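To keep things simple, chains are lettered A, B and C as they appear, and every chain counts its residues starting from 1.
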Amino acid sequence: MGLGSIVKIFMPKDKVFYSLFEEVATNLSNMSDLFIKAVKEEDVSKRVELLKSLEEWEHKNDIVTHKIFVELGRNFITPFDREDIHYLATALDDIADFMWGSAKRMINYNMSEIDTITVGFARIIHDAVKLLNTGVNELRNMRDLRAVTEVCVNVNSLENEGDDLLDKGMMELFSSKIEPVEIIKKKDLYQMLELVTDKCEDAANVIESIIIKYA
Amino acid sequence: MGLGSIVKIFMPKDKVFYSLFEEVATNLSNMSDLFIKAVKEEDVSKRVELLKSLEEWEHKNDIVTHKIFVELGRNFITPFDREDIHYLATALDDIADFMWGSAKRMINYNMSEIDTITVGFARIIHDAVKLLNTGVNELRNMRDLRAVTEVCVNVNSLENEGDDLLDKGMMELFSSKIEPVEIIKKKDLYQMLELVTDKCEDAANVIESIIIKYA
Amino acid sequence: MGLGSIVKIFMPKDKVFYSLFEEVATNLSNMSDLFIKAVKEEDVSKRVELLKSLEEWEHKNDIVTHKIFVELGRNFITPFDREDIHYLATALDDIADFMWGSAKRMINYNMSEIDTITVGFARIIHDAVKLLNTGVNELRNMRDLRAVTEVCVNVNSLENEGDDLLDKGMMELFSSKIEPVEIIKKKDLYQMLELVTDKCEDAANVIESIIIKYA
C-alpha cells in the first residue's frame, strides 16, 4: 500500500475537525447574537429570558468541544498541529463559557440597568465572533493568508478596544459615588466581558499561526 | 541491538512518571482530607492549625512536581505524550496551590465562621480528588477505559456543582445585608475554591485524553 | 547533500529566536527600571509620566512577541522545542502586559500614595527580570546549567517573596479601617503585581527545562 492510499484512508477522519470547529464558530455566533439582543432589550424580564437562553448554547458547545478532544485522542493524523487544535478548541470554548458567565452575572446580580460599557462590550464581542467565523471557515481551504491576517488584525483591534473600555468602566466606577457593593458587581462583570475579548484574540492568534504554517 | 532491547533500556526510566504522578495524587488526597476536617472543626484555633498544615503538603507537592518537569526534560521517551505530562502535572499542582491558597485566605482574613458554601466546596473538592486518585492510578495499566471515563464524567459533574455553588454563594452575598468588606473576603475565597474544582476538571480531562489515545 | 550542509542551511534562520528573546528580555529590563523609578518618585505628576511611559515598551514588546510567533510558524527547525518557544514567549509577554497593567491601575485609580507593598513588588519584579535576562542570554550557548539553575532558584525565591507580600498586603487592608473602595483598588493592584512575579517564575521554569534538555 503506497503513501497515497494511506493518506486517502486517513483524510476522511481528518476532515472531522473542520466540521467540528465550524459548528463551534456557529454556536458562538448565535450566542453573540443573543447577547447583543439581550443587552439592548429594555424590558427586564424579556432580557433575562434572552440571557438565560445562552446557557443552552454554552452546554451544546461543551459537547462539541468534548468531541474535538476525543477526536484529537483518536486520530493520529490531524489536519494541522495537535497543539494548535488543542489551543483553538480551548480558546473558543472559553469564549462560550465566559459569554454565558457574563450573562449569568447579569441575571444573578439582578443588574436591571444595562450601562453603556456593557453594551460596548456586547458589540465588540459580537464583531470579534463574526470575524472568528470567517477565520475558522478559512481553515478548510488554508489558502487565503490575506483574509486571515485581516481577521487577526481586526480581532486584535477589538481586543484593544475592550481593554480601553474596561479602563473607562473602572475609572467611572471609582470616580463616581457608586455604592461599594455595586462596584464589586460591575467590576466582576466588566472583567469577565474583557476576558471574552481576550479569548477572541487568543483564538484569532491560533488561527493565524495555523495559516502561516500551512498556507 | 534490536528494538526490544532499546525499549527495555528506556522503560525503567520511563516508569518514573507513574510513581511521581501517584505521589502527587496521594499528596492531594491528604490535603483534601485535612481541608474537609478543618472546615468541619468547630474550635477555631484547632481549625487554624489544620488549615496551616496544608502548607507543608503544598510544599512537598511542589518538589514532586518539579521532579516531574526535570524528568520530562531528561527523558526522550515518555510513557505518554510530553504535552499531556506537562498539562497533567500543571493541573494537579494548581489543585494543591489553590487548596492551600483557599486555606490561607481563611486564616489571613480571620474567617472565624465557616459557612455552608465553604463546607460544600470542601466536600466537592474532596470527592473530586479521590476520583483523580483512581484516574491517576489507572494510567499505569492504561486498560480500563470505562473506569477512567466514569472518573472523568463524575469529576465534570462535581465541577458543575462547584459552579452552581459559587453562583449560590454570590447571590447570597449580594442579596443580604453583609458589609462590603465581608463580601470582598468571601468572594475571594469562593472564587479560589471554585478554581480548585476547575483544575480538578482539567486534570480529569487530561487523564481521559491520555487513556483514549493509548487504551 | 550531507547532514552538515542541511544544518548550515537551517541555522541562520534558526538563530533568529535567540535575538528575538534577547530583545524581549531587554524590553522587560527597561520596563522594570522605569517601574521601580516610578514607585520611588515622590512627585505625583512625574511619577504618572514614568508610569505612562511603560505603555510604549509594552507595545514594542507585543510586536517582538508577534514576530516570535510568526517565526515559529515559518520555521520547521527551531533551536529548542516548539512548545517551549511558545511557553517562553507567552510568559515573557505576560510579564510586560501585567507590568503595564499594574502601572495603568496606579494611574487610572488615582493612587497618589505609593505604599510599601507596592514598592516591595517593584523591587521583586526588578530583580526577577534581571535574573531572567541572564537566563535568556544563556539560551544561546546552552552550556552553563549551573548558572541557569541558580537563576531559576532565585526567581522562585522572589516569587515566594511576592506571595508573602500579597498575603501581608491583604491582611493589612482587611485589618485596618480602610474604605471598601480603597480595598477594592489596592487588592486589584496587589493581585496584578503578584501575577507579574508568577509569570517571571513561569518564564524561569521554561528556561530551566530547555537547558535541562539540551545542556
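In the analysis below, a residue touches a chain if its C-beta (ideal position, glycine included) is under 8 Å from a C-beta of that chain, and two chains touch if they have at least 3 such contacts.
Just so it is clear, the model here is predicted, and its values are computed rather than measured.
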{"item": "Homomeric contact subunit A-subunit C: same or different residue positions, threshold half", "value": "different"}
{"item": "Rotational angle, Cα trace of subunit B fitted to subunit C, multiple of 5°", "value": "120"}
{"item": "Centroid distance [mean C-alpha coordinates] between subunit C and subunit A, Å", "value": "27"}
{"item": "Multi-partner residues of subunit C (each touching 2 or more other chains)", "value": "83, 180, 184"}
{"item": "Subunit C residues within the subunit B interface of the complex", "value": "83, 167, 170-171, 174-175, 180, 183-184, 187, 205, 208-210, 212-213"}
{"item": "Parts of subunit C lying in touch with subunit A, wherever the complex brings them together", "value": "69-70, 72-74, 82-83, 86, 104, 108-110, 179-181, 184-185, 188"}
